[in-house]
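Following this line, the structures themselves.
Heads up, the next two complexes both have chain A, just with different partners, chain B and then chain C.
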Partner chain A sequence: MFEAMAFYFFSAVTIVMFWITVTSKNALYSMSALAAGMIMISGFFFLLDADFLGVVQIIVYTGAVMALYAFGMMFFDTTREVKENIRAPKLVFLLSGMTALLLVIAFVAPIVGDHIEALYPMVEGVENPQAVGIVLFTKYLVPFEVAAVMLLVAMIAGIILAGKKMDESLTLKIDDEFQEKGVQ
Partner chain B sequence: MITLSHYLILSAILFGIGLVGVYRRKNLLLLLFSTEILLNAVNIGFAAISKFYGDLTGQMFAFFIVAVAASEVAVGLGLMIVWYKRRGTLDIDTMQSMHG
Partner chain C sequence: MTLTGFIIATVIKILVVLGVISALAGFGTYLERKVLAFMQRRLGPMHVGPYGVLQVAADGIKLFTKEDIVPQNSVKPIFKIAPIIGAATAFIALAAVPLLPEFEIFGITIHPIIADINVGVLFVLGVMASGLFAPLLAGMASSNKWGMLGAARTAIQLLSYEVVTGLSILAPLMLVGSLSLIDINNYQSGGFTDWIVWSQPVAFILFLIAGFAETNRTPFDLLEHEAEIVSGYATEYSGMRWGMFFIGEYANMITLGFLASLIFLGGFNDWGFIPGGLAIVLKVSFLFFFFLWTRAAWPHIRPDQLMWLCWKVLMPIAVINVVVTGIVMMM
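Right after this comes the complex of A and B.
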């Protein structure tokens, strides 16, 4: 009963928030609505007994990603309304609806065909974070390490791209300042 | 009683909203927001399948999707800042240098 109520509440709020994100003309409203939707999505994870995933959702998405967006938006003029030239709005809805339908078919086909088997069944008598740790550090250790390297690469790329003087090309433009630095 | 179908339908609705955003928005920043919605919609589907089939693989994939999303934001935002410094706009329609 409470599960059903929570599910419908979370789904209604999430859908409304994401709809605001997609349609709002103000980038700041859009970002705030996205952050609210992310928090509500973590509620689904707690409902689904994926406690660790829910906490990761809150920390990574609303803590890190949205904070990064907020800092990034300081570079852009966000108080101005976003002007967009939208062509054929009905076609957009038709295409999105059909793609989402294809997604449902792709997900449901194996379920209908009864071809899903649990490869790594959940360990009995263990809480979710422990079970996640057991699977993550045995079966998925290599992807985990690769993901760590990928995050490191992304961090370096972010620092290099958003750093100072990067609006000028270092290789193509021969600036007096660069030449002076080269002499010294 | 909430079943797997409920969660999958919700996932599809959110994915559809994200797709509307991807097709419709012409601002690069808002386009990146829409891709976040897409990733989150798929995450819900993975977590639901993981619960209803008693398999942790779905949650593992959701974790790796979160990691990919975080690195995507770091690189994408950096590229967007460079573009904004050069052109002063994030409109996709102006994002062409070859006039073919």
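Right after this comes the complex of A and C.
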């Protein structure tokens, strides 16, 4: 009974949050609602006993992805309403609605037709993180390693791009410029 | 245990943890002022009650009765929610921390942990990390340029140091082979010499340094650096909303103390003749004192020094530490 109650609670809150994200004209409302929705999704993972994936959902989406959105928000006046320039609202609504409907059908069809089965079912007596690890390091070893190398390259590139001017202090430099102007 | 018994026990545990930790967080402000005062050869709060102990109550009354100001141009709902996020995430993180060893009361064995999930460490760190939304949203909603600067610094500082925390904790987790805080504690049950701090001293120091940045303590309290950006994200706040940010900050300090004790300092295992329950309280108290000690001893640092420290010093050391641990474990 508790699981059903929790499921309906999380579904209702998630849908309301994403509804606010899409419909709100204030960018700050949208961002907060998106973050709240992402955290609520992790509730479904916990309900399915996938604790590890639930925690990863919290860390990746709220810790990393949302904070990057927040960086983007710094360039706007978040307290003002965004004026969207949509020329054909009916067409946009129809296209996005159809895409969403197609996605739902594509995912629900195998469940309804009962044609879904786990290719790599959970090994008995193995905990969550270990189960993820077993699949990652056997079946998906190559994609996993390629992704790891890509992330490493991205990290090094990021440090080099950002680190060029790391040795000189911006604060001290500005101070020097002021002093030079003062002398003239 | 039956379902009803489980629900009652959990509700009681939640109430006890909420009550005790928020009371300790309040008392922490008094301790902080007293410790800072003694280190700077002052007396600190002295007038309210013996040695100023009742200063906490006076401050509480002041915060509760102060006018609650919401600025006219702010985004009001977000402005009001932000402090609640700060306090809530700090307490939710405590849910997966085993606070004391199991004990028996009225013939019932009690596990002093609210939710024993098998990915405890990740859960605590993840929820603490999502606490970054409190200063971020507060700063962006309050339509104040100091608030905005505080919010920008939040995103930069907390995100960067999250990387160091994760990498530094990875090496001890490789040794233990489990993400459950209870397993990590039991791994060190052999006594003083079994503490992970002896096999992973580098990881311990990195974790502490990153912990200072994540809980926004001096020398890394750039989010509300008084000398530069007035009060940062909290500039526009007053009364209880302002107080909630700081209840969250002190609760986070206590959580971090528990994490460091459990992972590196032997947790709640018996320590010589000291029973386990007392041992972990002593360790957490020492770490709390260490936070205050550092605040008295070190000045603030500049934002560029903060980034330099994170990406050029701490992160490479953390990666090397993980690699060396892996090589040693393979051999």
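FYI, the second predicted complex is superposed on the first by the 137 of 184 C-alpha atoms of A that agree within 3 Å, B and C clash if a C-alpha of one lies under 4 Å from a C-alpha of the other, contacts with A are read in each partner's own complex, and residues count from 1 in each chain.
Methods note: contacts are C-beta pairs under 8 Å (C-beta built on N, C-alpha and C of every residue); 3 or more make two chains touch, one makes a residue touch a chain.
Note that the structure is predicted; figures quoted are calculated from it, not measured.
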{"item": "First, second, both or neither for A:A64, with chain B first and chain C second", "value": "both"}
{"item": "Partner touching more residues of chain A, whether chain B or chain C", "value": "B"}
{"item": "Which superposed partner A:V55 touches (first chain B, second chain C, both, neither)", "value": "second"}
{"item": "Touched partner set for A:T14, first chain B, second chain C, both or neither", "value": "first"}
{"item": "Partner chain in contact with A:V149 - chain B first, chain C second, else both or neither", "value": "neither"}
{"item": "Partner chain(s) touched by A:A106 [first = chain B, second = chain C, both, neither]", "value": "neither"}
{"item": "Touching partner for A:M73 - first (chain B), second (chain C), both, neither", "value": "both"}
{"item": "Touching both chain C and chain B, counted on chain A across the two superposed complexes", "value": "52, 56, 64, 73, 159, 162, 166"}
{"item": "Chain A-touching residues of chain B, taken from the complex the two chains share", "value": "1-2, 4, 6-21, 23-27, 29-30, 33-34, 36-37, 40, 43-45, 47-51, 53-57, 59-60, 62-64, 66-75, 77-82, 84-86, 90-91, 93"}
{"item": "Chain A - residues contacting chain B, complex", "value": "3-4, 7, 11, 14-15, 18-19, 21-22, 27, 30-31, 34, 37-38, 41, 44-45, 47-50, 52-53, 56-57, 60-61, 64-65, 68-69, 72-73, 75-76, 82-86, 89, 92-93, 95-97, 99-101, 103-104, 107-108, 111, 116, 118-122, 131-132, 135-136, 139-140, 143, 147, 150-151, 153-155, 157-162, 166-167"}
{"item": "Partner chain A, residues of chain C touching it in the complex", "value": "73-75, 77-78, 81, 117-119, 122-123, 125-127, 129-130, 132-133, 136-137, 140-141, 143, 148, 151-152, 155, 158-159, 162, 178-179, 302, 304, 307-308, 311-312"}
{"item": "Contact set on chain A toward chain C in their complex", "value": "26, 28-29, 32, 35, 39, 46, 51-52, 55-56, 58-59, 62-64, 66-67, 70-71, 73-74, 78-79, 127-129, 159, 162-163, 166, 169-171"}
